[in-house]
Each structure stands twice: as structure tokens, then as C-alpha cells.
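To keep things simple, chains are lettered A, B, C, D, E and F as they appear, and every chain counts its residues starting from 1.
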Amino acid sequence: MALENLLPLELIDKCVGSQIWVIMNGGKEFTGKLLGFDDYVNMVLVDATEIDPVEGNTTLPKILLNGNNICMMVPGGDGQYQVEDE
Amino acid sequence: MALENLLPLELIDKCVGSQIWVIMNGGKEFTGKLLGFDDYVNMVLVDATEIDPVEGNTTLPKILLNGNNICMMVPGGDGQYQVEDE
Amino acid sequence: MALENLLPLELIDKCVGSQIWVIMNGGKEFTGKLLGFDDYVNMVLVDATEIDPVEGNTTLPKILLNGNNICMMVPGGDGQYQVEDE
Amino acid sequence: MALENLLPLELIDKCVGSQIWVIMNGGKEFTGKLLGFDDYVNMVLVDATEIDPVEGNTTLPKILLNGNNICMMVPGGDGQYQVEDE
Amino acid sequence: MALENLLPLELIDKCVGSQIWVIMNGGKEFTGKLLGFDDYVNMVLVDATEIDPVEGNTTLPKILLNGNNICMMVPGGDGQYQVEDE
Amino acid sequence: MALENLLPLELIDKCVGSQIWVIMNGGKEFTGKLLGFDDYVNMVLVDATEIDPVEGNTTLPKILLNGNNICMMVPGGDGQYQVEDE
């Protein structure tokens, strides 16, 4: 069964209310529950965690992430990379 | 009770008149009272403080922050990170 | 026979359902199957791999890449550069 | 008396004809008199000075600053930071 | 005879089917034949070469370059800089 | 006599046919004659020179500069900074 096309905003819409992992342009990484978004891919996360392997993770109750500077979003992501099988 | 959706501009609108913490693309950080914003997420802050742990904080009576270069906004944020419980 | 003009969004459209290689602004590289895209060149990839010659590749089931920060897309690309003949 | 809301473009409009201080994305800083601006926050400054504590300040009779790359604007700013009271 | 004005998109249009040299924001450089473009200055190149004086040039059959991150385009450019006469 | 307001695109329009100096986001600098521009501040320069104090200047017959990545434009600029009087 061929994979059905999925538009970017459709994918984000499916994630509302669920956990996502967002990597920003400058390298900052966040996980949290997606509360809302708009056409510019601006996003509101609640119960957010900034992932920082060096300084330690920090929690932020509610944040706005500017779509301009979002590099990548991983639905359901928990911030852990799966290493490719050798 | 399921969390109600919250659009990004709705979140910003709720912050008008309150303290927010803004992290810019290049790493600059500001706290201050949000006086106004527009659809491009440009923001006007009053009684603003630029947070600089190295050079020391500086105060700025009124500033315009360009939405293009805003990375993240934390409602009610005072610039202090809450470290995640171990 | 002169090459027919090909508009950027036409090229992306032809790639839907196929493997592509995307290089982001900050240097991150991904391969994966293109599931969908929009006019802002936002893209949804499935069975994605982040290519990282240093830390090793990582797999991501489904990702959204923000068009703002896509530098280059190579249709059918597998992440391998073809060195120019001397 | 509650602070009245102030839209970003309203703030810039109030500054036309006055001295402002602009910090660009890449770190360049300018002061000068604002001669005009547009909805993209592009700005025209006259009698401008590029502030460079290392190489020394330089003067530029008239310049256009691209709104895309403006990080922050300080009305009436002279380029001097006010250090926060301890 | 005064030089006739030439709009940016007119210049790009004149280059369709010809060799161009594109320098991206992050410093990547490409030459290739322009197959198409759009109003956002997104470009499709065929028979493309990524110019890399350090790692060696690499060839790419067909690529999409995101207008957002194009810094400069040189019509007919072959990637060689002409040093200014002393 | 109060300075008349001058919109950014008006300033650029006045420069068509004249020498300008453009500083790009990444630090590249160009001088040349402005042949045309558009609302996105994309610019066409002829008889252009890339100013590079380290590697030496290079000449480019005709170039397109992407407005997205233009930081500053100086009308009539020749690439020489005027140091501020002590």
C-alpha cells in the first residue's frame, strides 16, 4: 500500500496534544507537549524540557518557539537519537 | 481535562502587560514587560534587562525585538533556568 | 533537444514518494522518503536518516524539516558525494 | 495608570526624526537619526555611526539597514549600555 | 548610452538554460545550468558542481537550492574569481 | 529645515544607476553600480567588486545579491570606512 502524502502542517496538526522534539537553528533542542501552532510553524509547547547534555536539562512550563528558527520537528520524539544498525 | 489548544499569537496576547523572557537567535537574552507585538512576532518590551552572565546585566527602558530573530519566548520568565529533577 | 524548464516546486513534487537528500543551513544532512511538502518548501520525510560521519548516522521514523532552513535538496540523493573526475 | 499597548511599527514610527540605536543579527551596531522605515522593519538612518569598540567608530552619511537582519532597536539609544544596579 | 534597469528576477530569467555560479549563505558554492526558478529565488540546477577547494569538487546531477539561503548569483560564472587589477 | 522622511525602497530607487556599497549577512562586501532591485531588496549590481582586504579584491561583471542576506547598503559608498573624529 503506497504511503499517503502528508503535508507538513497536517503532520504538525496530528501532533497537537502529543509529545514532540524540536531542534532549533542555533542547536537548542526541546521536548514537550504541543499545545498549538500556526501557518508560520510557530509552536507552543507545555511541560517543556530544554535538552542540554553538557549543562543538564532544564524545564520550562510553557514556551513559544519561533517557526523562523525551527530546523526540525520529530513527532513523538523524546530527544533520544536511534543509532543506525551497522 | 484535556489541555485546550493555544495558538502562538494567542499565547503572546495573553502576555501583554506581563513579564516575559525572550531568547534571540544569536544568543542574546532579554526580560521585560511586553507592551505590544504584531503578526510577525515583533515585540516591544519596557523596563527591559539584557541578561549577560559574563559582562553583567544591562537595563534598557524600551526596546523593539525583531520577530525574525526571536528563537524562544517564555511567559512570565525571569531568565532563570529550572534544572530538571534528577 | 533543449532541456525543459523545471520550476523548483515541480522538482520537489516529482520527488514525492522517492528518496531525497536534504542539507540544512546549519550543516545537518538527512536522507529519507519525501512524504509531502508545501509552498514554503517545508518537507515531511519518513524512514529518515541523519547523516553524521563523525558521531554515526541515526534513524528517525518521521520528521518535519522547516523550509526556512533547508539549504539544498538532491533528488534521489543517498548522501554520497560523487567526486569530480580529475 | 496601566501602560498603554504599543505596537512595534507604532514605536518605530514615533522614532522617525530621532536618534536610535540598532543592533544587527551578526553583531554590528549603529546609531543615527531614523529617516524612514517600512513594514518589513527596513530602516534608513542618516548621520549614522557604526559602533566598534575594537576598531573604533566609523561614520556613514546615510545607510539602509535590512529589517531581516535587525535584532534589536533602542529608541533614543546612544550605544551606551546602562549596567544594572547591583 | 545609459545602462537599462534590470530587475533581479529578469536577470535570473535571462540565465535560464545557461551556466551560473551560486554562493550560499553558509559559504557553499555551486556552478551548474539553471533549469528553473521562482519568485522566492529558489533555483533548480542541472549538471551541478559543488566547488570545494579543500575537499575537491563534487558533481550532482540535479539540485534544488533554497532561495532563502542564496547569498549571491553570478550569471555565466564558472566559480573562478577575477582578481582586481592592481 | 526638518529632514524629509525617506522610505527604504525610495532610498534604493534613488541609487539606481549609481555606485553603492553592500555588506552581506555573512560579512561579504561588494561595491558596484545598482542596475535594479525589487520589493524584497534583491539587487542587481554591474561592474561589481568584492572587497576582501585579506585575499584581495575581485571583480564580477554582473551579480545578483539576495535581499534576504543583505545587512546594510550605503549609497555612493566606495567601501572605505570614515573613522569618527576623535
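In the analysis below, a contact is a pair of C-beta atoms (placed from the backbone, for glycine too) under 8 Å apart; a residue touches a chain by one contact, two chains touch by 3 or more.
Values in this document were obtained by computation on a predicted structure and should not be read as measured data.
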item	value
Contact-graph distance - origin chain B, target chain E	3
Shared interface partners, meaning chains that touch chain A and chain F	none
Any chain that touches chain F and chain D	none
Interface composition of copies chain A and chain B: same or different, split at half	different
Chain located farthest away, centre of chain F as origin (C-alpha)	A
Mean-CA-position distance for chain C and chain A (Å)	19
Centroid spacing, where centroids are CA-atom means, of chain B and chain C in whole angstrom	34
For chain D, residues contacting two or more additional chains	25-26, 68-69
Ring of chains, enumerated from chain E in the sense that reaches chain F first	E, F, D, B, A, C
For the chain F and chain E complex, residues of the former touching the latter	16-17, 24-26, 28, 33, 35-38, 40, 42-44, 46, 49-50, 56-60, 62-66, 68-69
Complex contacts: residues of chain C adjacent to chain E	2-3, 5-12, 23, 25-27, 41, 67-75, 77, 81-84
